[in-house]
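Reading through the C-alpha cells given below for one structure.
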C-alpha cells in the first residue's frame, strides 16, 4: 500500500514546490517598482478606514457548525457504503436511524431560522 | 490487440527497469518521477486549452468571435496571456501578512493538482489507485478552502476578507450535497477506489443513468464548488472587484486562475468517473486505448456543459444560494442515499431495481422542482404585494 | 531507509508547527500552524497504513475543525492583535511542568517499557471491515455518535445564535 | 520498519506541547487549540498501537474515529461558548472571565 502512496507523496512534493519555484523564476523576469500608492490596500480607490478586522456575524459560524456535523456523518457513511453489499437489512435500519438523527438536527436548525442568510 | 493495453505496457516497462538491475525501490521512484512529469505536463497544458475553449465558447454564445489573433483560431492566446502574467509586476500590499499571502496561491494550486493523481484516464491508466479515492478527492477540497481563507486574511483588505469568508461558507455548504451524492456510486460499487468504480460500470450500467438525480446534484454542487456561474456571485467578474484574490496580481493571480480552470476539468473528470462510466464504452475490452478516448470525450462534454451554463444563466443571490444547498440539495441527497440503499436490498432482478431507481429518481426530481417552483411563486407574490403597497402609499402621501 | 527519512521529516514538521501553535502571538497564524500539524499527523497515519483515518483526519481536522477555529477567531476580533501578552501568569510554571512531564513520558515510553509488537499485515479490505464493524460490533458507539452530534449541534446553535433584539 | 517507540515518542512530545499550550495561554481559543493537539497525540498513540499489535482488528480504528467525532463535537460546542462569552463580556481571555464575581 505504501508503494501507491510513494507516487502520491512525490507528486505532492512537486505540486507544492512548483508554484513557488515558478514564482521565484518569474521574479527575474518581472519589473519591480513599488511606490506607496501602488502598495496601498485596494478598496476601490478609497482610503482604507479603520481596522481590517471587521466584526463578522455569528451566522458564518452557524453554517460551519452544520457543516461539521455533516462532515463527520460522511466519515461514518462511507465505510458503511463500502461494506453495504456484504451486510444485511439491519445495516439499512441502523444507517436510517443515524441519518434520521442528523436530519432532525437539520430540521431544528431550519425551524430556528439558522438556514436563512441575512 | 493487447499491444494497446496500458496495463501490459506497464508490466513491460517494469520488467525492463528490473532487467537493468534496478532494485524495487528505484523502480518505484523512477515510475513516480515519470508519472509526476506526465501529470504535471498534462495539467498545465490542459489548462491553457480550457481557458481558450471557455473564451471561444462564451464568445460564440454571445455572438462574438472570441480570441482569434494569436496563432490559428487564437489557440496561442492563453500562452500569450501566461507570458504576460509572468512578466507583470507583482504587487504585495504593504500591510499584508507576507508569508501567508505568498503561500495561499501555491496552496490553491496544490489542492487542485493533487486530484490528478487519482483520476483513471483509461484501463490501468491511474497514477495511484487509492482504496479511499473518493474521500481523497473530498479531502483535497479542504486545502482549497484553507487557501481561500489564507488569501482573504493575509491580504489585509476588507473586501478580500469578506470575500474569503463568503467563499468558504459557499464551499462548505456545497461540499455536503456533493459528497453525499458521491456516496451513491460508492454504495453501488462497494469500493472507494476510482478505478474499481469505473470497472463496476461496465455494459452501460452507468451510475448516472440509474441515479440521474444524484448525478444532477453532483453537477450543481460541482458548479458551486468551482465558483462558477451561477454560483460566482462572490467574484462576479463583470460586476464587482473580485473575491478573496482581489489583491493578487501577476503570477500569483495566475495561480488562482489556473487552480480555477484545472478544477473545472478535474471536477468534470470525477463526474465522468463516478457517474458516466469513466473510460467504459463499446469495444473497450478489445481495444483498451479506446477507453482514453471515451474518457476524454465524456469529460469534454461535461466541461462544455459547465461553460454553456456559464454563458447562459444569471447569478443567484447569496441567500438563494445557501437555501438551495441546505434546504433542497442536502435533504434530497440524504433521501437519495437511503433510497439507493433500500433498492439494493429489494429482492428483485437487477434490471428491475435499476428501472425502479431511475423512475423514483425522476419522481423525486419533479417533486423537488415543484416545491421550489411553489416557493418561488409565493415569494414573487409577496414581493409584488409589497410593491403595490409601496406605490399606493407613495401616491397617497 | 526512505520510510525513516519520511518519518523524521514529518515528525520535525508536526512538532515544529505544534510548537508554533502554542508560542505564536498571532492567533490566526497559530491556527495555520495547527493545520500544518494536523496534516503531519495525517502523514503518520498513512505511514501506519491507516489510510482511512488519514483521510478522515484531513477531512475533519483540517476541513472542519480548523475552519471552525478560524471562524471563531474572526468572530472574537481584537483578540489576536498581540497588544497584550498571549501568555498568562503561570506560563513559566507551565513550561517547567510540561518539560518535566515530557521527560518522564519519553523516559517511560522509549527506554522503560519493552512494547510487545506483532508483525502482522493490515488486511486489504480494511475499510469494508471498518464499515461492517460500525454496524455490528460497534453499533452502540456508532448510534451514540449521531446522538452526540445532534446534541452538539442543537446546543451550539442555542449558545451561538444571535438573539433577535 | 519504523520502530513503535518512534511513534510513541512523537505522540508524547505532541501531547506535552499541547499540554503547555493549555496551561500557558490566556485566550480560550488558543487553549482549545492546545486541547486539539493533545487529542491528536492520543489518536496517534491509538493508531500506532493498533498497527503494531493487532492490525487485523478494527477496534483501534473505530476508537480513533470516535475520538475524532468527540473532538469535533467538543470544538463545536466550546467555540460556540467562547463566541457567546465574547458577545457577553467582550473578551475571550480566560483570566479576565470571572462570571461568579459578577
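Order of writing sets the chain letters: A, B, C and D. Residues in each chain are counted from 1.
Here is the rule we use: a contact is a pair of C-beta atoms (placed from the backbone, for glycine too) under 8 Å apart; a residue touches a chain by one contact, two chains touch by 3 or more.
It should be emphasised that the depicted structure is a prediction, and the values quoted were computed from it without experimental measurement.
Listed here as common contacts of chain B and chain C: A. A count of C-beta contacts for the chain pairs A-C and C-D puts C-D on top. Centroids built from CA atoms put chain C at 17 Å from chain A.
Per-chain CA centroids place chain C at a distance of 6 Å from chain D. Centre-to-centre separation of chain B and chain D, using mean CA positions: 33 Å.
The geometric centre of chain A is 21 Å away from that of chain D, both derived from CA atoms.
Shared interface positions of chain C, defined as residues touching 2 or more other chains, are 3, 47, 49, 51-52, 56, 59-60, 63-65, 67-68, 71-72, 74-75, 122, 126-130, 132, 134, 145, 149, 152-153, 156-157, 160, 162. Within chain A, the positions touching two or more other chains are listed as 1, 5, 54, 56, 58, 60-61, 64-69, 71-72, 74-76, 78, 81-84, 86, 95, 102.
Residue positions of chain B touching 2 or more other chains, listed in rising order: 130-131, 135, 138, 161, 165, 168, 172, 175, 190, 192. Under the stated contact rule, the graph of chain-to-chain touches falls outside the line, ring, star and complete shapes. Within the complex formed with chain A, the residues of chain B that make contact are 28-29, 31-33, 35-36, 39-40, 86-95, 102, 105-106, 109-110, 113-114, 116-117, 127-131, 134-135, 138, 155-159, 161-162, 165, 168-169, 172-173, 175-176, 179-180, 183, 186-187, 190-192, 241, 246-247, 250-252, 255, 318-319, 321-323, 326-327, 330-331, 334, 337-338, 341-342, 344-345.
By the touch rule above, chain A contacts chain B in their complex via residues 1, 3-8, 10-12, 14-16, 18-20, 22-23, 26, 29-34, 36, 38-44, 48, 52, 54, 56, 60, 63-64, 66-67, 70-71, 74, 77-78, 81-86, 89, 92, 95-96, 99, 102-103, 106, 110, 115-118. Of all residues in chain D, those touching chain A in their complex are 65, 68-69, 72-73, 75-76, 79-80, 83, 87.
Chain D makes touch with chain C in their complex at residues 1-2, 4-10, 12-21, 23-27, 29-30, 32-34, 36-37, 40, 43-44, 47-48, 50-56, 58-59, 61-62, 64-66, 68-77, 79-84, 86-87, 91-95. Interface of chain A with chain C (complex): residues 1-2, 5, 9, 51, 53-62, 64-69, 71-76, 78-84, 86-87, 90-91, 94-95, 97-98, 101-102, 104-105, 108-109, 112, 114.
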